[in-house]
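In what follows, structures are represented as structure tokens.
One chain, chain A, appears in both complexes that follow, with chain B as partner in the first and chain C in the second.
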Partner chain A sequence: MSALLEVRNLQVRVEEREILHGLSLTVNKGEVHAIMGPNGSGKSTLSHVIAGKPGYEVTGGEILFKGEDLLEMSPDERAAKGVFLAFQYPVEIPGVATMTFLRTALNAQRKARGESEYSTPDFLKKVRAVAASLNIPQEMLRRGVNVGFSGGEKKRNEVLQMGLFEPSLCILDEMDSGLDIDALRIAADGVNALRSSERAMVVITHYQRLLNYIVPDFVHVMSKGRVVKSGGKELALELEEKGYAQFEEQAA
Partner chain B sequence: MPAELETVERVRRIDVDQYRYGFETKIESEKAPKGLSEDIVRFISAKKDEPEWMLQWRLDAYRRWLTMTEPNWARVDYPKIDYQDVYYYSAPKQKKALASLDEVDPEILKTYEKLGIPLREVEALEGVVRPEGERRVAVDAVFDSVSVATTFQAELKKAGVIFMPISHALREHPDLVRKYLGTVVPTSDNFFATLNSAVFSDGSFVYVPPGVRCPMELSTYFRINERNTGQFERTLIIADKGAYVSYLEGCTAPQRDENQLHAAVVELIAHDDAEIKYSTVQNWYPGNSEGKGGVYNFVTKRGDCRGRNSKISWTQVETGSAITWKYPSCILRGDNSRGEFYSIAISNGFQQVDSGTKMIHLGKNTTSRIISKGIAAGRSQNTYRGLVSAHRKATGARNFTACDSLLIGDKCGAHTVPYVEAKNSSALFEHEATTSKISEDVLFYCVQRGLSQEEAVGLVVNGFVRDVLQQLPMEFAVEAQKLISISLEGSVG
Partner chain C sequence: MNVALIKPTAAEVASDVFAAARDRLPGKGPVAEARRAAFDDFAKKGLPHRRVEEWKYTDLRVLLREVAALAAPPDAAALKRAEAALATLDVTGAHRLVLVDGVFAPSLSDTTLEAGVTTHRLADILNDAGNATRADLLRTNATADIMVALNAALATDGVVLGVADDAKLTKPLHIVHVATQSAASLATRSFLKLGKGSQATLVESFIAAGGAQTYQTHDAVVLWAGEGAHLDHIRLVEDARDAANISTAIVTLGTGTQYRAFNLTSGAAVSRYQAFVRFGGENAHADVNGVSLLNGRQHADNTLVLDHTVPHCTSNEVFRAVVDEAAHSVFQGRINVHPDAQKTDARMMTRALLLSDEAEADNKPELEIFADDVQCGHGATTGALDDSLLFYLRARGLPEKEAQALLIQAFVGEAMEAIADESLRDVAIATAERWLARRG
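This part shows the complex of A and B:
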């Protein structure tokens, strides 16, 4: 059986500069992987390339998702196939009610998969259930997407979308940044609720703390555009203690 | 929406046979020779059986027009128009009857589909004649202009509202027309308005008597009927004391016209405590992908808040035309009167839009509000041009203006040209303006959630224009929203 996500020897350039120098990563269904690494090591770049953000030039390697060539797909096709990226910095979309946005996106994905669109009552029922589990008030869903949301509310809105779209691969880019302890727990609970044998998660973070809530099966250390070490959850504790310095040399 | 439903029901009750009317009247196609002269003006007036004073009025305008020069201050660029190479009169053409929708250009059908316009209605819009004897459903009849006109007319008559083509009004209510025509946009006003005064083809006349609230939006009817009013449209709307009327002009359906030059004039008059709400959706042919063809739209629209506490509100959604030159304005003459201008102007391809408004504060404590949203994509140019002025006697005048421009891509341009004149110190004018580029990060966020690039642009732009869309009559807001997305197609690589 093929892996859910298979990144092989990925080389990526941004504006003539190589950022990822042959990165490999295998993620199977049901697994949770944490990626840690110093600022600028290429964690967000990796997540963007998987999601298909324009502006990155893949100069080598490949990415397979459910056995298919992901790099051949447009970003919206990838989303419909089950790739979800919770952004480090979720954007604001003024004038577009969150509810409208959720519905448009969900139906776009369903349409792309050849599924029927949700009826209004079914959709509302679903959103209300997920929102309630994340302590998101209905009033928030009537506001413009992320407009005037606090940092924590924005992140919760990302988890809400994850719950709604039910993707098979969730990439969470620093979902813990800017969250207070309570918000972090609520968001992490939301993520944990989505853990399943059919779904995998890639959790990018700087802090071991998040991994106390979302306990990973594997931890990878990235440095200078490569995965320099992989291990179990105890690797995160080791990092917390010793820092990244030991790996910086390896990567160079 | 309620207006539409009501109509469906009303039409259900009338004899279905009336439907045939719509296709029985064969109008002979008649064209005057190309070019403009006194003779042509006389010909037009004679064709319409106009009273002598109307002919003189037209001739007066024509003679004045000869002494005028075409304005060139707008930020639009087009080849010189040869005014002798234009037809100034052609009788309304009967559309070529089609046997079925199969004969309609598939591209056009696609647009209708995207707009969500029901097929039955498309048939009516595109002139499909169904076989004799085939039973027609009520919805069908709604969009048959004749039956709608009949039901509407009966209702309107009961309320005392006069609503008819201006050419009919000239015969049936000459005194009313004469009293008001040209009192807001005088024949000498500007090059295009003067040309219109000389040769106008037809348009609407609305008179709402004192204290009457017009019982329906004057819109559903227009969806079809307005299509043949010609290139020099003339509309005159009067709301007498305490009256109210909401009028919607135009159509979201794509409108083609072989006449490239359009010069319309619209005059609105609101007496004491009266209110006129005038909404426009303009979707004329914008030209092809190389910028060839397309309608030149030179419009003069002006409202006169003649009475105390009167209100005039313009809402426009402009997506079509190669050239748009249009400044719906309000003269705030009556004390406490109010003018509003809500505008969405979208340009794509090679379109050029120069549009805005004038708020002329003459009376005391007059207020005005301007919300303009310009969206430029492709290689288009989009200019907001506005004037807010307060007369010496307009004490306590207030204006709020917000002009926001959104750029899609880097080959288009957005420009804001606001003029402000306050001749008294108690006037309070506020102006806000922003120009932004559609953000790559926002678009990526949307496509990551499953929207296509074009859906993402449509969504973001609809968010950007939301506060103006809300001003449109309900049943058109949804279509206008779709129209906005459609008009931006191909705007992103």
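This part shows the complex of A and C:
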């Protein structure tokens, strides 16, 4: 059986500068992977390339998702196929009501998969249930997408979308940054509720603390555009203790 | 010498148009004199061109070339085609007043209006020798604009509406202009006078019957709002894709009035809507908003002139243009704050969204302030859709066009908020949605 996500020897350039220099990563269904690494090591770049953000030039390697060539797909096709990126910096979209956005997005994904669109009552029921589990008040959903949301509220809104779209691969880019301790626990509970044998998670973080809540099966250390070390969850503890210096030597 | 090679000038063509129409134009004596004077004024200057400051971005000598001959009065077949076109209108539940090819069509109009409304045909008033002031309807000192003069010279008909003091109309008054002929001019002028404390909504639609092409609409409306009156004014320009629409609104606002205007231009190859709004009494407020949705080679010009002549008035203008393909949007907003107009608060914000490399937008906000205790502000931006917003939406599963559509609706939405009547706002939103759906 093929892996859910297979990144092979990926090389990526941004504005003539190579950022990822041959990165490989295999993620199977049911697994939770954590990616750690110093600022600027290319973690967000990897997540953007998987999600299909324009502006990155893939100069080598490949990404297979459920055995298909992901790089050939548009960002919306990837979303419909089950790729979800919780952004490190979610954008504000004034004038687009959160509810309208959620319904349009959910139905666009369903349509692309050949599924029937949700009726309004079914949709509302679903959103309310997910929002309640994440402590997101209804009032927030009436505002423009992320408009006037605090940093933590934006992150919770990302987890809300994850719960609503039920993707098969969730990439969480620094979900914990900007969250206070209670919010972190609530968001992590939301993520954990989505853990299943059919779904995989890639959790990008700087802090061991998040991994106490979302316990990973594998931890990878990225440095200078490569995965320089992989291990079990104990690797995160080791990093917390010793820092990245030892791995930066290896990458250089 | 080959005579056929000598091209007549635009002014000569217009002279022929006027001479040919003169016998059928309503009104003798002083009315005919007013027309003659207006026409002479026009003939001297001809169609405005880029060296006329107010028309700098909309050169009618290039865009229109010449004034087309007046359309013939509609016959039974034309009325039938107009009736079919009316069936496509989104606006329902209004008092409908229909002008076909520039002539009032009683058979297509609502004859019984609600209490408090009076209606006349402009042609009847101009022909009424017993009315001593009838020629005044073809004169204005609000503007010396040359296209308003042309409109006075050629106006064949229009509706003259009055709303009684304190009457609060329950239904909008809807003037519908239907063109059924091609390569012809439609010249109309209408009036609405709101009595003290009254409330009304005026909707103007410009549409074409199937097959009508390359016609020219030359329209003017003159609006007065009496003390404390509320006037909502919605214009929907949906002319044929190769037609021209040159329209003027002359608005005078009395003490304590509220005027909320919204213009939506999605039709016509060439259009200009110019509004001259004058505050004639204190404590009045005007919202003058507009949206243009353009593609192909469309050219649409919105020109607003607001005159704050008295103290304590407020105005707010929000304009949005969505410009696709090789279309061209023009916005000119001029706010004049006269020396006596202390405590004026005037704001204007215009934004253009360019959806293609060939799309063009000219924004020209102007403030002319002669009073010292005022608050005025204006801003103008032109740009493309934000890539990071587009990517966010696409990463959530929206295909490119749908993601763009959502952002475009948000972009125009702010200007549409000024439409108080919910069903009319829905008509504007539906028009935008149709426009977006046609983009694919």
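Here are some notes:
The definition used in the following text is that the second predicted complex is superposed on the first by the 252 of 252 C-alpha atoms of A that agree within 3 Å, B and C clash if a C-alpha of one lies under 4 Å from a C-alpha of the other, contacts with A are read in each partner's own complex, and residues count from 1 in each chain.
Heads up, the rule we're going with is that a contact is a pair of C-beta atoms (placed from the backbone, for glycine too) under 8 Å apart; a residue touches a chain by one contact, two chains touch by 3 or more.
Since the structure is predicted, the reported quantities are computational estimates derived from the model, not experimental observations.
By the touch criterion stated above, A:Gln88 is placed in contact with neither chain B nor chain C. In the superposition on chain A, contact is made by A:Ala80 with both chain B and chain C.
Common to the chain B and chain C contact sets on chain A are residues 51-54, 74-76, 79-80, 85, 87, 90-91, 93-96, 101, 104-106, 108-109, 112, 144, 161, 165. Within the complex formed with chain A, the residues of chain B that make contact are 439-442, 444-453, 455, 459-460, 462-467.
On the chain A side of its complex with chain B, the touching residues are 51-55, 74-76, 79-80, 84-85, 87, 90-96, 101, 104-106, 108-109, 112, 144, 161, 165. Against chain C, the residues of chain A that register as touching in their complex are 51-54, 74-76, 78-80, 85, 87, 90-91, 93-96, 100-101, 104-106, 108-109, 112, 144, 161, 165. If you check the complex, the residues on chain C that touch chain A are 387-389, 391-400, 402-403, 406-407, 409-411, 413-414.
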